[in-house]
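Paired with chain B in one complex and with chain C in the other, chain A is shared by the two complexes that follow.
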Partner chain A sequence: MSAFATVGGSFVREHLRAPLTLALLVVIPVFFVLIFASVLGEFADALGGTLAGGAATSAISAGWAAAFLCGALAFFQVSSSRGADRRLAAAGLGAARVALARIAAAVALGVVVSAVAFVTLWARNGIAHPWHSAAAILAFALIYVGVGALVGALVSGQLEGSLLVVLVFAVDAFSGPSMTSSGGILAHGPTRDAAKLLIAAGTGQSSSGGEWGAVAAAVTAALAVAFGAFWLAARSRSG
Partner chain B sequence: MAAGRLSTAIAMGTREQRRRPLLLILLVVFPAYVISRSIAETQATPHTIGLPGGDLVLTSMKELHGAVMAGTAIAFAAGLCGVFVMQSALAGDRRLVLAGYRAGEAVLARLAVLAADTALVVAVSFAVTSLFFTPAAWVPFACAGVLLGVIYGALGALLGALLDKLAATYLMLFLVMTDLGIVQNPMFGDGTPVGWAAALPGHGPVRLMVDGAYSPTFHAGGELLLGLGWAAALGTTVYLLLARAVGTDAERMA
Partner chain C sequence: MRSVLRATEVRKGFGHGVWPFRRRVEVLRGADLHVCAGELVGLVGENGSGKSTLMEILVGLLARDGGDVERPNRLGYCPQLPMLWEKLTVAEHFALFARAYGMDDDTRDRAALGLLDELQFGRYRDYRVEDLSGGTRQKLNLALALMHEPELLLLDEPYAGFDWETYLRFWEMSEHRRDAGMGILIVSHFLTERGRLDRVYTLADGRTAET
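Moving on, here comes the complex of A and B:
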């Protein structure tokens, strides 16, 4: 347990060694909620969507900030650390514990990013259902931990992988609820249910048990995918 | 001799890119998806914008999205290419210098690869844009796209040289969204950028793009010069920085 905690802590520090990375993990959610949200309503209106009002646009911006930051973070975690993780696994920690430590680090950073986004959102608008909002923002972050880790497991090139994470993010953002007037298969991005919860929480509406269940299922699936991706990265060639 | 070495290094860089088919696919799919989806989804709501030179034009949000979305896609893709081409250069080119290359030759070969990636993104972006939108004057419109590719490709390379790749990726998103997505974007507010927008690197090219999109006569000389100035300054800085880093690292290893 102590080795697990030490390794997990090291994985967090690995990403925070560069002060600018830490600063951006704070600044980007603030930027999304305060600045980007101010034009998002106009943008959704131009796309024929119904995402109107400061509360809804700020809330969804907070979720997107957490999603993008955690997706890129998880991608680089898998992509940059295959060699080190294999050595850690081979040295006795085992691939499963390396994978769990990686997930713990990604979740810890996701919590930090989500907390910044949530506090900014609260300070800007006040939130009708604060705990629902916090859970939904964290769901965005954790779903993208799965997306980023999956891309990292499938794509070895860092330029290709980061472009793919951005492409998934763009598809998901465009297909978000109330963003456009169209439906179809592209209307079912990975964070669609979390976005519905977040918009409802931001605008003071309640969400059904089914919607909460769908978000819990998406988060569980994403973390399972992330575990598989980290485990494969640590396991291969380790014997 | 020097020309031969340079062409060999460029050929090696090109071969390396050809071995990465997913990269080429994404450099086509990313701008094609973002541009076509944006334009297709946008409603034809009326919106007035200001052109360089002071004229006002009544257009629609759909047309306007067609006019400016290519710039955002080009900037983001070229910026990410810049980040990772620079990271590869710092990791590998010192060996070329140790093997007898001049630092400048190794750097020029990398910049040629970056230019090829950017040219692909620009070509795809304009090909897709032309399916939905016809600018009033293609030459300034296309020049603006090329300038955005050069400026943001160089900015990405600069960030790739100075920062960790995660921070560089985050900052690229932040810069493109702030500069092109919000501050210069005529889709928001009164359709004319605020005064301090001129201090950002996307100002000249985006105003040139808007001029080419809506005006058959050219009014954006100052904006063109501003964009060329940014491109020259950033391009020179990247060349000098990378040549110094590659040369210094190689000397240290020797």
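Moving on, here comes the complex of A and C:
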């Protein structure tokens, strides 16, 4: 087995061995699709937004479930293993290879989380464009791998860092497309393009090549940020 | 004797507090030391004198503000507090570090079995770190530093949590490796250990002195 497979596989196992994490992988998507969706729809209504009820809010809530879980997992990948990762890098593996293994583990977890969110959505509503929805949910997950890892690299305290991830998530979720009459607080939130795609897929509409390209660019940028954050956490400290 | 570690004029400071009340504390103000192959060298100093900071700089975990460090690539480091993954088993830790050290599977298995036997914690091979006692975690912490038989071994209070028998075995292991040509630098607190060391550096006011 290659060094990459050994290290990446160990990093995945590290998370899947936490019973509460496993339970939350199922509970959070169900909670988001069944309950958070209606709350989000009511908020959009109150703020003068046009986010349609039913299929659109359920679809985007599946994306938010994947984003929330992946952001939290990526944050804790950095914050709870910083010392051991640095030791492994200094032992000869190097910060770049540790970071790549962390990315691989985060993407693998993102696929699992997205699959759970997708199945929950399918069971709840049925999906007009299943492949589009699956890709958009995965995009939410991968974008939040970047958010969680970046916060983990910059904030050393676990309480402060996890609160910051939740804050970014809340601002992003409630300023998404169609949430307010003015188009949202953030014109360029990290998941804005993925949200448009997921709303369209949930309501049976197609998306243009440009919209898919924008989502691909956001995911690529998020994974690049995640690599930088994991690398920063695994390299020598300056102080 | 061939030198395996030479640190010259190492300086390091840390910033504390929030601007405009931020202040800088200089921990190392020009620390020098060297270790030769086949030497067991001690580093002593009061709490907060900068011993662990100097160790982290020597290993490469912490960037220095100034000075030079010459060391081999093949070194082992046992940190003061175990740097381990709570959810992974003892065997998985050996597998990860074997990859970092570039060891093949046979060499890894031989080294791991030897150390599990030598430090007497073989029955915990498939236990997760979160289920180990403090002393057993420290045995794993030490074993990971030794498994590739490095040219230079840096040990930062490696026996914290060891019982008396394991403590004595630790010194036997260190002396055996020293006699086989390994250079060892160990952070130590106890005056009683000075007799076991070939040379001792004392770190005070950010500088080292051979005593």
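Everything below uses one rule, namely that the second predicted complex is superposed on the first by the 230 of 239 C-alpha atoms of A that agree within 3 Å, B and C clash if a C-alpha of one lies under 4 Å from a C-alpha of the other, contacts with A are read in each partner's own complex, and residues count from 1 in each chain.
In this section, a residue touches a chain if its C-beta (ideal position, glycine included) is under 8 Å from a C-beta of that chain, and two chains touch if they have at least 3 such contacts.
Please read all numbers here as calculations on a predicted model, not as lab measurements.
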item	value
Partner chain in contact with A:84 - chain B first, chain C second, else both or neither	second
Touching partner for A:92 - first (chain B), second (chain C), both, neither	second
Most chain A residues touched (candidates chain B, chain C)	B
Touched partner set for A:18, first chain B, second chain C, both or neither	both
Touched partner set for A:76, first chain B, second chain C, both or neither	first
Which superposed partner A:159 touches (first chain B, second chain C, both, neither)	first
Which of chain B and chain C A:7 touches, first, second, both or neither	second
Residues of chain A contacting chain B in one complex and chain C in the other	15, 17-18, 80
Interfacial residue positions of chain A with respect to chain B in the complex	15, 17-18, 20-21, 24-25, 27-28, 31, 35-36, 39, 42-43, 45-48, 68-69, 72-73, 76, 80, 155, 157-160, 162-164, 166-167, 170-171, 174, 180-182, 186
Touch list for chain B against partner chain A, complex	20, 22-23, 26-27, 29-30, 33-34, 37-38, 41-43, 45, 61, 65, 76-77, 80-81, 83-85, 87, 163-167, 169-171, 173-174, 177-178, 181-182, 185, 187-188
Residue ranges of chain C touching chain A (in the complex, touch as defined)	14-15, 56, 59-63, 73, 77, 79, 81, 83-88, 92, 95-97, 99-102, 128, 144
Contact footprint of chain C on chain A as seen in their complex	3, 6-7, 10, 13-15, 17-18, 80-81, 83-84, 86-93, 236-239
